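To start, I am sharing the structure in question, which I have written as structure tokens.
Lettered A, B, C and D in written order, each chain numbered from 1.
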């Protein structure tokens, strides 16, 4: 049992991440979006923590810098929301505007909502992974806090 | 504009003195005295300009303006406050270093003290000059605040702290009552401007309630029965404070208010009769207490209560001598207080029984204070004679009973004044070191003023008439002169002297009995009532605090149960109670209902779950069932998200359980499931309310919701998935906010579970 | 200045600060500068709010209701100004008092500021909830600041009880949407004027309870003494000074503006709750030994005053509520900060703020209380007027008992110059407003001008 | 359907409150999760009567109110974030007090209160 679970989970990691990415990209058209994508990616990493342990999981850059990643995500989100004001639009104006034509490559529509959703994904991923990481770090007894 | 000059000069005194004090400690007092004398000079110059008013814009929203007046009343009281203030500040230059040394405080604190005295002086000048009900209250509370700081100046001394607090609370409380009265009047007459209020009150007399409120404020300040007991306690303050606040300034403020507002009180005979009674009671009580008190400052404090009782009687009778009475009393009392302070500094004693025979060592002080004492007890050739003359004059018009009361009162005054002076200076000779000159000079100056007023009474007539005219709103015909005939005033005065002398001569016979009687009655006095009330409130407070909710559970229940009950009540009493719709359940709904049932069953099972792991699994079971519900409710986005969230959450919970020490978990588990009856009840109330409130809300669904518009607009937003369009576009701001919440939570988590070490 | 300015600035700044280590001095100064900038933006916005048309925008320029409307009328801007100023003062205090001990403190304070600004500016019920949660979550994270056991205890109580309040609020907002079909406040007002008077009663009740928890009046206040006592002094100042404003603002916005018909029916209840809170708070404050507890109970009685003012019929009561909330916010911040370390300057600041809380002139609190008294007397409500007088007296006693009891009185511990400056500035503001009350009176009068349908 | 949905909401809420009133930190946290779940259920219950195809923009199809869905999503996410914070707080609180029981918190608090009440004296 122990012998084949870690490789299997490592094997599962990449497909999960790809599914997460597709959830993100397809969010505008069908079920999905940044939030489930981030949660799914977080779950994939969580699996690594459970099976391979913290040190193994932290091989990935994205895991080590999960918390800053969430910050970057928030910057993306806030930026998408408020950058249009520089050009004189109302906040939360997404491009292309309702009266502008869509720009699309095949089934994929390019829309600033994608950046927005990407930010969402990073934030959720960052939260999940950071909490897991901190919990994993704390597991294994520590001294008690004391004092009044 | 010249009206402002004395006020501005008075206001500038404290900062100037402070600055001077920074340069050299001793300079502060001289600077302050100089400033107040300048203000006094400005006042005198202004006096020559005749009456006037000044209105400056202040708060137009409330129709308020800064209104100042220059009339007899403000002139007389300002002169009193400034003159005595200057002398007291100088006196404190000699007094405070010694006092501070005894208290073990740095000599620099003297500057702070003098600054406070001068600030008080400014507040007092402001109080007597303003001509607006709200401003009157503002200035009144300014004096309260500064007096708190002054009385509690010796902050190491618990007694003086307690005295300061008592005076703050008592004068603060009564002045709030005053404010309520002022507000009532202001609202009733539509203005706070005093001349307008008085003018309108002429046709439409003020309500008794409002007048009583105003009177309470004045009585509290002037230390009249039943609010008198803060004054003797306040004697814990340094002597310059007592001699200023409790002779010429703070206590005068109360009677001043009544004089300023006299036109309002004039038609209300009932209120005036009440004030009259209070005046007589204060007079009698104060005089009797002054006859037996031992610490000499206390004698003076009780005497102040009694003397302001006289002033109150005069105001209540509407006598034109009322302002004059206060103005003459002030220098006499201030001089005696200053004498008391000087004696304490020289001898280190504070009680009459411990001193005596000082007339040889302190001849100037003894002489000057003898003049002040003579003034206080209204002997001829001092200004004091005229204060009793106007008093007797007013009483004589009311009838023999009043005359008798006045005679007894004046007799008692002479008796306790003699007792005080004799107790300090009379008796067998005792030698003490000489007093510093600056300690004696202010007393001498005050004594000189009193003599001057007594010898040349004509000087007093003009200010007294002006003040009386300002008080009563009609020209005054007050006459001050010595008449060597058998008119009632003279007879009463002679009678009072005889009575006083007799009482003084026979003092050993009645003092012990009187003190026993007074001690007995003090058990039922208002002070006792105040303490009892406070004690009861304290006990109530502690009892409530002990009973108060402390448990987290009760804190939660205290939110949930009232909300639940309120919700039930709302549904119970309004027409909403008849409007519940059961709704239909078709075949298509079966899966949904089953999923809901599953979620409910899992939720119920969590209550019975023993182990933590089982609990967590059941919680996630609830979550997954709900995700199923959402899926069946055609909300796949929500369903997907909630599946993922539930999964993550279950794992996080499991991670938490792994973090917690197993023995602690075990222990907590054993203890946990002992629910109290009221917990069940609370949950029941909350659940029932949640059920009925949601049912009511679901029964009132609005068919035409914004949701429909978003569906129409989704195409314009280039997003086939309407939910995504709402999330990222239409209500994108919500999503940005929500993501910021996530990041804030993340920050919280990272700071709670830090990577390296603790703290 | 466009409306989004004061919102965007703390938001972006918060994100940037989240990356940085808040214990460094320059980071703290950056946060301080950012909050000061926000304050400047708001001041800039002030004349526009007083203009004929309050500045507003709709997110993405979508039609009303579909997009989210943000709007800054006078009520919003005065609350935003005072809350941001209080946050700024607290942040400066914590920084100069000896340094921030947590990495995320400045970022969280700035996020709290962003949340509060959003709450005050938004004109959409659900967006209100989101910003409310942003402020609450930042406060949850801040509550454990200091991380001693008692801080953690306070944080736990705070989080659990306030989660209940948030849930109530969320439920109320959803019910509003289900009943009226829109989330835009102005549309809800229009709906309410046309619709049946009882329909909004259920969400109204839940909102009252939710804001009751935030503001902390009887019987929703039981968490407050424990949290204010056990949390760090800066945190207590933040919670009592800034966060509680959500409660008073929410009651004004939702009660007076959005659902005046519900408010009309809730008046008797508000009066009873207000009177009870006033009595309860003042009596309990009277003989507490712990200064923080005195302050906690004093703030409960202050919340009662606000509620009682709202319960009064007519304009003046509402004006009084606004003035009480604004003055109380500064009062409480000054009190909590001043009692922290002692020293001569802090003592003076404490006494000024205590006089203001008790309603003694010349302080801002006096005008607020005077307004309440005025409103009560105008309505012929002598009982409430008497209660106000009693509360003033007893809180004066309670606050000054604490003042005299504290060891600071005897020791006069040396205080850092900077912290003294902060508490001085706060108390100076109270005195300046006391001497020249026009800004407060104008704010109170105009803030309720644009609200709903007033009698 | 209204009745059933609101019954489920009420039941979840009651269970949540009951759990929050337990004497143990983990259960308190579980209770808040249940309460959040109940409010999310209420949000979507509003769209039960007209529920349909969420993703279709084609004319004539019934559509589940997308605004309600997005409100539910936002509520779920916020609830998740706050619960994560609460879980870490549970961990820290139990470490600080050496127990998972709320009574210990009360004891510690009372100890402090009584120390303050007695310590200063009159």
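What we mean here is this: a contact is a pair of C-beta atoms (placed from the backbone, for glycine too) under 8 Å apart; a residue touches a chain by one contact, two chains touch by 3 or more.
Because the structure is predicted, anything quoted here is derived from the model rather than measured.
The set of chains in contact with chain B as well as chain C comprises A, D. Averaging Cα atoms per chain gives one point for each, and the point farthest from that of chain C is the centre of A. Comparing chain pairs A-C and B-D by the number of C-beta pairs in contact, the larger count belongs to B-D.
Ranked by how close its C-alpha mean sits to the mean of all protein C-alpha atoms, the top chain is C. Separation between the centroids of chain A and chain C, computed from CA atoms only, is 35 Å. Per-chain CA centroids place chain B at a distance of 45 Å from chain D. Here the CA centre of chain A is 59 Å from the CA centre of chain B.
As a whole-number value, the distance joining the C-alpha centres of chain A and chain D reads 24 Å.
For chain A, residues touching at least two other chains, in rising order: 30-31, 35, 71, 74, 78, 91-92, 94, 124, 127, 131, 134, 138, 145, 148. Contacts with at least two other chains are made by residues 20, 25, 28, 42, 46, 55, 67-68, 73-74, 77-78, 81-82, 84-85, 87-92, 96, 98, 105, 109, 112-113 of chain D. For chain B, the set of residues that touch two or more other chains comprises 550, 552, 556, 560, 636-637, 641, 645, 648, 652, 656, 659, 694, 697-698, 701, 705-706, 710, 713, 720-721, 725, 727, 729, 731-735, 738-746, 748-750, 752-753, 758. Chain contact topology: the protein chains form a complete graph, every chain touching every other one.
Against chain A, in their complex, chain D makes its touches with residues 55, 73, 77, 81, 84, 87-88, 91, 95-96, 98, 112. Put simply, chain C touches chain A in their complex at residues 2, 4, 8, 11-12, 15-16, 18-19, 57-61, 67-68, 148-150.
Those residues of chain A that touch chain C in the shared complex are 68, 71, 74-75, 78, 82, 85, 89-94, 145-148.
Note for the complex: chain A touches chain B at residues 27-33, 35-36, 39-40, 42-43, 46, 50, 67, 70-71, 73-74, 77-78, 81, 91-92, 94, 96, 98-99, 102, 109, 111, 113, 116-117, 119-120, 123-124, 126-128, 130-132, 134-139, 141, 145. Those residues of chain C that touch chain B in the shared complex are 11, 14-15, 18, 59-60, 62-63, 65-68, 70, 101-105, 107-108, 111, 114-115, 118, 126-127, 130-131, 133-134, 137-138, 140-141, 144, 147, 156-157, 160-161, 164-165, 168, 171, 174-175, 177-184, 198-199, 201-203, 205-206, 208-209, 213, 219-220, 222-223, 225-226, 280, 283-288, 355, 358-362, 366, 370, 373-374, 377-378, 385, 389, 392-394, 396-397, 400-401, 404, 409-410, 436-438, 441-442, 445.
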